[in-house]
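Next come two complexes built around subunit A: one with subunit B, the other with subunit C.
After this line comes the complex of A and B, so read on.
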């Protein structure tokens, strides 16, 4: 095929182009022609098609995501907001922390190991790009039914991929989720979070400023992997295309990434870059157009200087390739020698591929022939924006009328059977089978990891300053009421870091939904975003960034609306954190918060195939008072342990607490069935030394949180009213589920 | 007795970190002949007597389902005497 240059495009304006195959709609193609005043060259078409895909352009979500900016709280803690590779927040003592979650759902369905591995690699590079040293990762995962054959194919591969890549990088995996639901069969969710730390002065941005500065590509060579992966993998449902169009997946090399991290950090430390961008989805198309539009817009790139693994790659393919472990930097000419020297030291391939110009066009040449000549903003930021039609789906009113009808235990035998069933159900069972494949303690700064409520890492070894992060989504509630579901997930994530005594500071999100072309799904999405934005405003927490994953559906069946919310908090001294459980007898156990009849969307209802009912309403004012109480309980040394109540209610919380250090408890409950199974939000179990009773009561009164004594610690059983469950029996039920399912 | 050999290689456009590591190690040990190295795996399957066409077809199916990952790998099936 001959080279399609700008000159050819002008000379031959009516050549037919495969825009539809590249995922562009006729009106989008017409818009490109209008922008350029001619037909695009094939390279330009490739760039626009990937950058205007749903995955890169957020064309269906943009109008809604605006709320995160419009409703944002003004906070000095936010150093870099939405729009950069990741948001940056001030955590004190001169440190800044950056964190973000992204999805790698579709690639992980096709090739579980590599899909999950490159998901970790991609988010780590996003964090690195901000100038930070990545210090920990987390992975919320969702799968089809635990006993489905495809889950047995997908889950072990994804878990191994997450572990394989993260472990090789030497990054601790400090938490996440593993959730099963039939709607994720065929659409597993692999969300990857990374957190990094830096000094305030080290923040780097994606901009190409200063005419004459050099465009430098460094890291792995470019190959034919994942070509068109962004537009094709992430923007269409699987059924709509044959296998022929399915491109090769990317294969990651974590050892190259590790070297790239160290090389980049050394380059940053010597202040050798003006701007920097990692190459992720849409590869060079994305990096060059985003860097150029971050500056004045002018950039010249000589594409033949890009080092390739496969010499037969066409310029279009080089622009679209999603080869992993690559970075693009803007470097002043006076600093390039030192830049190259550092790359040579780390044995990192590096090439100057172009320069910043004082024009406003991104011009890309191939052996001297001009093949791309575009205003970069039109590629990177001025993509199509859709205000897609939406409508409340019919099921919303139907499920609201349904009455939950599940067995409520009352006798000793019923209580025992119920607690054991909940302990063993895949969604609540012990997840060690998964997390034992991850390195949780490498680097020696992990304070908390699974099965704690949140992950916590120390960021300063002298002052013991640390950060805690939790990710949560309750898709069952989001299904019943997407607005409340998002607010409840936010409250839960915030509570999960507060139980350890950390103060919530900032929010990230990964919004996983079905097809935006379905009016019902679009409504779920809009409601979730509205709920999250309102919730963040009310709680005074800034949204620092996020990611949207649409088209998670097989045929007409969409996944449950799954907004995964990540909350990051600060703790001034990790040594004073409140642990999730107790290790001695003689402590008093209290329930903070009131229990109401909330079985809708509960795990117990799910286990009885009941999806209906009315989701609880989030009371964020009360949640904030509870958070204040939890932080005060740590700083005033009132608590010995604190553990959140969420899926599985009090039954699951007690199970996890008594098994953690093999110390039993004797519990006395009124209305025992509902007390164990209800999932009323905003509740925490705390353990205190009886000497702290007055202090705890005082805090509860101050914060107006209902306080109920439920029992005492000690013994080798979990005793609930007349039911006695030995810890041996409970542990067996809790731990054997995953081993049985996945060997 | 004949052997059915299945060779599995990563598809040419797929990154091969192991092959790359070998390619980087060779010159360090003084072997300068290699321009590139790609690493794969080989299965030797023993059968009674001469493999039949039906057996080979079955091996093809097994190679697709178990021995290779068709998303990222190609394979070839042949008979070795």
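After this line comes the complex of A and C, so read on.
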């Protein structure tokens, strides 16, 4: 194929171009022509097609995501907001923390190991790009039914990929989720969260400022992997027919990324960059156009200077390649020698590929011939914006009318069978088979990890300052009521860090939905965003960034709406955290919060194939008072342990508490069946020394939280009313499930 | 007393090992793989990680790093040398310790709190423990199954050179539940689990791991290794 230059495009304006194959709609193609005043060259077309894809441009979600800014609380804690690679919050003592979740769903279905591995790699580079040292990762994962044959292919591969990449980077994996539902069978969800820490003064931004500064590409060489990956990611659903997509999935090399991290941190420490951007989705197209539009707007790049693994790559392919482990930096000429020296120390491939210019043109040449000449903003930020039609789907009113009809245990035998069934069901069973494949100790700062309510890492060894993070989604509730579902997930994530005594500070999200071209899915999405934005405003928490993943469906069937919400909190002294369980007898157990008849969307209803009912309404004012109580209980040393109630209700919470340190409990409950199974939000079980009774009562009264004594700790059984379940039996039920399914 | 901690490309637990040295009261000195100078250290730790991405075989490339030359020389003359996890693999590749580390028998990475029994307290790295003491420290590796031929195994058993054994179920398929091995002289120790992640119960399962680092400091105060 001959080189399609800007001159050729002008000389041959009517050449037919494969815009549809690249995922562009006719009107989008027409708009590119209008912007440029001519047809795009093939390289320009490649750039626009990847940057205007759903994945990169957020064209279907933008109009809704605006609410996160419009409804935002004013807070000094937010140092960098939405729009950069990741948001940054002030956690005190001069430290800034950056965190973000991203999805890598579609590639992980095609190639579970590499899809999940590069999902971790991508989010870690986003965090590194802000100038931060990555300090931990978490992985909310969702799969088809645990006993489905394809889950046996997908789950072990994804878990090995998450571990294989994260372990090799030296990042502790401190939590996540493993959830099963049939709607994820042909479309598993792999969301990856990374958190990083830096000093305020070290924050880096993606901008190419200062004419004459150099554009430097460093890290792995560019290869043919992941070409068109962006289009696969976001613009197509999985159908049985159609060409195989395997070659489009990127292949990662965590060793190269580890070296890239250390090399970059050394470069940052010497303040050698003006701006920086990682190469992820849309590769160089994204990095060059975003850096240029983040700065003064002008940039010249000589594309033949990009180090390549495969010399036969065309310029279009180099622009679209999603080869992993690459970074693009803007460096002042006076600092380039030292920059190259540090790269040499770490054996990192590096080349100067261009320079920042005056004006607002991104010009890319290939051996001297001009192949791209575009205003970079039009590529990076002025993509199409769709206000897609939406309508409340018919099922919403139908499911609301359904009455949950499940067995409610009453006798000792029924209670025992129910508790054991819940302990063993895949969604609630012990996840050690998964989490034991992740390193949770590396870096030596992990305070909490799975199976705790949240992950917690120390960020200062002298002052003991730390951060806690939890991610949550309750897709069953979101299915019944997407607005409340998002608010409930937000409340749960916040509660999960508060049980340890950390104070919620900021929110990130990963919004996983079906096709935005489906009016019902679009409504689910809009309602979820509205719910999350309203919830964050009410709770006074800023949204620092996030990710949208559409087209998660198999044929016409969309996944359950799955907004994964991540909440980050700060704890001034990690040594004083409240653990999730107790290891001694003689403590009193209390339930904080009232239990109502909330079986809709519960695990028990799911186990009985009942998907209907009315989701609970989030009472965020009460949640905030509960959080205040939990934080005060930690600082005043009232609690010995605290553990959240969520999926599986009180039954699951008690199971996890007694098994954690092999210390039993004796529980007395009224209306025992509903007390064990209901999933009323806003509840926590706390263990206290009896001497703290007055202090606890005082806090509960102050915060107007209902307090009920439910039992005492001790013994080698979980005793609930007349039912006695030995810890040996309970542990067997809880731990055997995953080994049997996947071992 | 100065203890060198080597960083190869892909090393992960170097900061943790240095922190453990400091906790034990020693001075940690960073050693770079490409610098064939030990900078006057009295002992060396090869920490865990995935040096060179475990390409070829774990530890196979690092074993030829420039810094290994003076380390091997000094260790052969009695300098205390501890290889943890990937460091153990480097020791095996360098033939400073007999045997090899192979893929875990369940074929995936395993991270868990592991009870081990200290069986030889006469090495530079284990003298702070008591014979038969059981400790809990993290185990985390994909290739931790210790393998050797029958003859070597009989020799190691006969000479008491198995310094630590896994207690309970075999976590990775190691022969005779071997978690750690020493050389004839007792100055070089290869250990699969991670004592540097168990120096206080806030961040680790216990503080049991500290004993490995206090041992080596003690061996110098008491006048060096036998």
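The rule is simple: the second predicted complex is superposed on the first by the 736 of 743 C-alpha atoms of A that agree within 3 Å, B and C clash if a C-alpha of one lies under 4 Å from a C-alpha of the other, contacts with A are read in each partner's own complex, and residues count from 1 in each chain.
Going forward, a contact is a pair of C-beta atoms (placed from the backbone, for glycine too) under 8 Å apart; a residue touches a chain by one contact, two chains touch by 3 or more.
All of these numbers come straight from a predicted model, not from anything done at the bench.
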item	value
Clash or fit, subunit B versus subunit C on superposed subunit A	fit
Subunit A residues touched - subunit C or subunit B, whichever exceeds	C
Touched partner set for A:437, first subunit B, second subunit C, both or neither	second
Partner chain(s) touched by A:253 [first = subunit B, second = subunit C, both, neither]	both
Which superposed partner A:114 touches (first subunit B, second subunit C, both, neither)	first
Vertex subunit A; arms to subunit B and subunit C (CA centroids, nearest 10 degrees)	60
First, second, both or neither for A:324, with subunit B first and subunit C second	first
First (subunit B), second (subunit C), both or neither touched by A:575	second
First (subunit B), second (subunit C), both or neither touched by A:458	second
CA minimum distance (subunit B, subunit C), superposed complexes, angstrom	5
Set intersection of subunit A contacts, subunit C complex versus subunit B complex	253, 255-256
Touching residues (chain side subunit B, partner subunit A) in the complex	10-17, 20, 69, 71-72
In the complex, subunit A residues that touch subunit C	156, 160, 163-164, 167-170, 253-256, 258-259, 345-347, 432, 435-447, 458, 461, 574-575, 743
Sites on subunit A touched by subunit B in the complex	110-111, 114, 220, 223-225, 227, 248-253, 255-256, 309-310, 323-324
Contact set on subunit C toward subunit A in their complex	9-10, 12-13, 15-16, 19, 34, 49-50, 52-55, 106, 108-112, 138, 140, 142, 194, 196-197, 199, 202-204
